[in-house]
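In the two complexes that follow, chain A is the common piece, with chain B as its partner first and chain C second.
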Partner chain A sequence: MNMKKAVHKITITTTEVVVDGKPLDVTCLGSNIFTELYRKYVNDYPKYFKMDILCKLGFIATELLLQTEGKVRFEPCEDRAVVFFNRSSSLHADKSFESNICNRESFYPSPAMFVYTLPNIVTGEIAIRNKYYGETNFIVIEKRDEDVLENIIDGVFTDNMTTSVVTGWLEAESEEEFNAEIYIIEK
Partner chain B sequence: MELKEELKGKIIDALNLEDIVVTDLEDDAPLFGEDGLGLDSIDALELIVLLEKNYGIKISDPKEGKNIFKSVNVMADYVEKNRKK
Partner chain C sequence: MIRKIADNITSPLGFTTADNYKAVCEGKSCLKIYEGKWKLPEPFVASLFQDNQIGDIFASEIHTDNIYTRFEKMVLLSATKAIQDSGIDASSERTIFILSTTKGNVSLLERNVRGVDDDRVLLGVMANVISRHFNNTNIPIVVSNACISGVCAQIVANRCLESGKYDNAVVIGADEQSPFIVSGFQSFRALSPEECRPFSKNRNGLNLGEAAATIIYQHCDNFIDGWQAVKGAIRNDANHISGPSRTGEGSYRALKYVMTDEVASDDIACVNVHGTATAYNDEMESIAISRAGLSDTPINGYKGYYGHTMGAAGVLESILSMRALDDGLILATRGFDEIGVTHPVNISNKIRHTDKKTFIKLLSGFGGCNAAMLFSKR
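Now for the complex of A and B:
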């Protein structure tokens, strides 16, 4: 018997943000939505401005979700995992970094840009900020398949430690093409 | 433009310090550490790239950065003495 339940949900697209079924007021479009939401709802984490769009999307989505959850935050927590999925990995950051290193006459690879050429940086950022010591994982799969996602999440709960997971689909192919559908799932 | 002011602008740009302007950065204030700007090891690497890209200074040992990036004053002094461009 499947005893897991989604207790909170957020979706972010280029045109709207919906938390637990309620749309938030946003005036910006595209990736400018992230900074609008950061200024309005977070505003205490300057590292946000260094993130690539995949990381910004995951960070903002999770921040809004955790604020909605309303539990005490930033205290060490071993029973919460963070597991995201997508199809394009960190391709947008990969392309940016590639353009940063393609000129042999001006070859100065940016370490800060290079950091984000791994999709799991976003799960690490969220775990570090929130002091989550459970599993963190970013899984890249060919296409979104709810059965596959559910099987993987079921597996996360089998460690006898995890009682909740921040999880879902997190895709950011460009500044104009992204979507997040993130849940908090509890055992 | 005075080197220190120029450096401050380049530091803010290179490190994406969105909420900081040139006048917020004091010449002798620490860049790293608890009283600094909250910079991390990636920022230190980015400053190494900044020196090479803008002033032709190559720092082969990242540990050297610990001394060079103490403050804008120390950084400007180092650039003045070692710049190739």
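Now for the complex of A and C:
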């Protein structure tokens, strides 16, 4: 990632949360970290509890990043893009939806569960929360590759409206295997 | 400049762009009702390949010892034809593969395929299988941005080419239908029990479809003639993850962005809309189009021929619009009868003639995302 343009960075792994190089105190393990962070740092957005783990991870990482950025929040804008990358797409939600429908006898798929079988929903959740009308996109690659990420992110700035992007690696394969490394990058 | 050098549509209506174009001009569709398919409890209307059709055609057209899934065969059939027509070196490090799909090999979750690793359910692993088939060693990019993926993939391709890193981009949009997707859309009560009727008063939902479509773009210093993807935009409604904006916000903003100073609305032959035939989508598009000052511009939609082909839609519908304008035609909106949206739109219910060589492809999808792309022919 081109660090010159990155103004803020957050990493969330199963064991630690680090914002701009500073570790945050967390006591929970696994995906319980997300809700611990939500209660401590957000706590005013009940929609959070409906989200799948990919959305929870992306949402909470972005919340902490934006709080660190410290700019005025929730003002409508079109100049900030949200673009994430990962390997497993929405596989965790896919598996739970599949387990819901594989038995055709007890076949009651839920729309709330189906919508999370799209990886880009997390970008929409963040756009809704922050009134971002700019570009939102989701890219899947076989394995993380800095050149690919950098090339795509450079491309995002060819949209004349875009002056900054919330972007990075957002992986949530299961409740125990996830990691986020998200940046705010400016033009 | 970026120009289109080849394309292909692989769909239930045909295995070449020419066959698809002919079928659509003749008003054909493969939409039909399926009862008891995949043991699903409810019938559904969809445009699907016939049983074994993909496997049979793949076996006769593509010579390989490798084992591919049905989805991968669709992708390879489409890409192979386009690559052959283009004459590019697909194995070159100056060629990048960009796939557009929502669910790829998701059917592997339900049923394994002998000789196929389970991890091919991962979109990136699947994409790698595709690019390796053509001996390409670059990391392939998968754009998975819900139903707008097909335009997003073209936008990403254009940016990759403009960066100077690549000479050619092979953009493949594809999705196959499966119990997974059909039951998901059924859970939303979004499926029509009959053939869909885009923009009509009595529309009652969408039909699903499967297809693969490929466009090959090339970077060129001297653009002489042909189709060019001039400008694309992706915008979010910032409103709801599964319902379109009541103000058409994202689609409106995407349209405004691609309507550059050089292009007056008078120059635009048509807007090829998403037109899924759900109550909310078509209404939202009418609002966005009218807000963008395009109420008099002809609009058309192809879901009445193909159903909603998801990851393929943006690529397939762009190709078909280009092909029709090559002949000076704006294709008809199959399934449309009586106008049923609140904002004025100039919908094409039959084939029209035009001299104009510019159009906009418009899409919207779950997650509140919208995309528009302006195409122009010299």
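Some notes on this structure:
We adopt the following convention: the second predicted complex is superposed on the first by the 183 of 187 C-alpha atoms of A that agree within 3 Å, B and C clash if a C-alpha of one lies under 4 Å from a C-alpha of the other, contacts with A are read in each partner's own complex, and residues count from 1 in each chain.
Everything that follows uses one rule, which is that a residue touches a chain if its C-beta (ideal position, glycine included) is under 8 Å from a C-beta of that chain, and two chains touch if they have at least 3 such contacts.
A quick note: this is a predicted structure, and the numbers were derived from the prediction, not measured.
Partners chain B and chain C, brought together by superposition on chain A, fit side by side with no clash.
In the superposition on chain A, A:V115 makes contact with both chain B and chain C. Shared-chain residue A:S174: touches no atom of chain B or chain C. When the two structures are aligned on the shared chain, A:P46 is found in touch with chain B, with no touch to chain C.
Of the two partner chains, chain C is the only one that A:I101 touches; chain B does not reach it. Touch counts on chain A: comparing chain C and chain B, the chain ahead is C. In the superposed model, chain B and chain C sit 80 degrees apart as seen from the Cα centre of chain A, a figure rounded to the nearest 10. When the two complexes are overlaid on their common chain A, residue A:R87 makes contact with chain C while staying clear of chain B.
Put simply, the nearest alpha carbons of chain B and chain C end up 6 Å apart when the two models share chain A.
In the three-chain superposition model, chain A touches both chain B and chain C at residues 109-111, 115.
Of all the residues in chain A, the ones that touch chain B in their complex are 46-47, 49-50, 106, 108-112, 115.
Residues of chain C touching chain A in their complex: 39-41, 102-103, 106, 109-110, 121-125, 127-128, 139-146, 152, 156, 159-160, 162-163, 165, 179-180, 183-188, 233-242, 249-250, 253, 257, 365-369. Remark: chain A residues 76, 78, 82, 87-89, 91, 94-95, 97-98, 101-102, 104, 107, 109-111, 113-115, 117-121, 123-125, 127-128, 130-143, 145, 148, 151-152, 154-156, 158-159, 161 touch chain C in the complex. On the side of chain B, the complex with chain A involves touching residues 15-19, 38, 42-43, 45-46, 49, 52-53.
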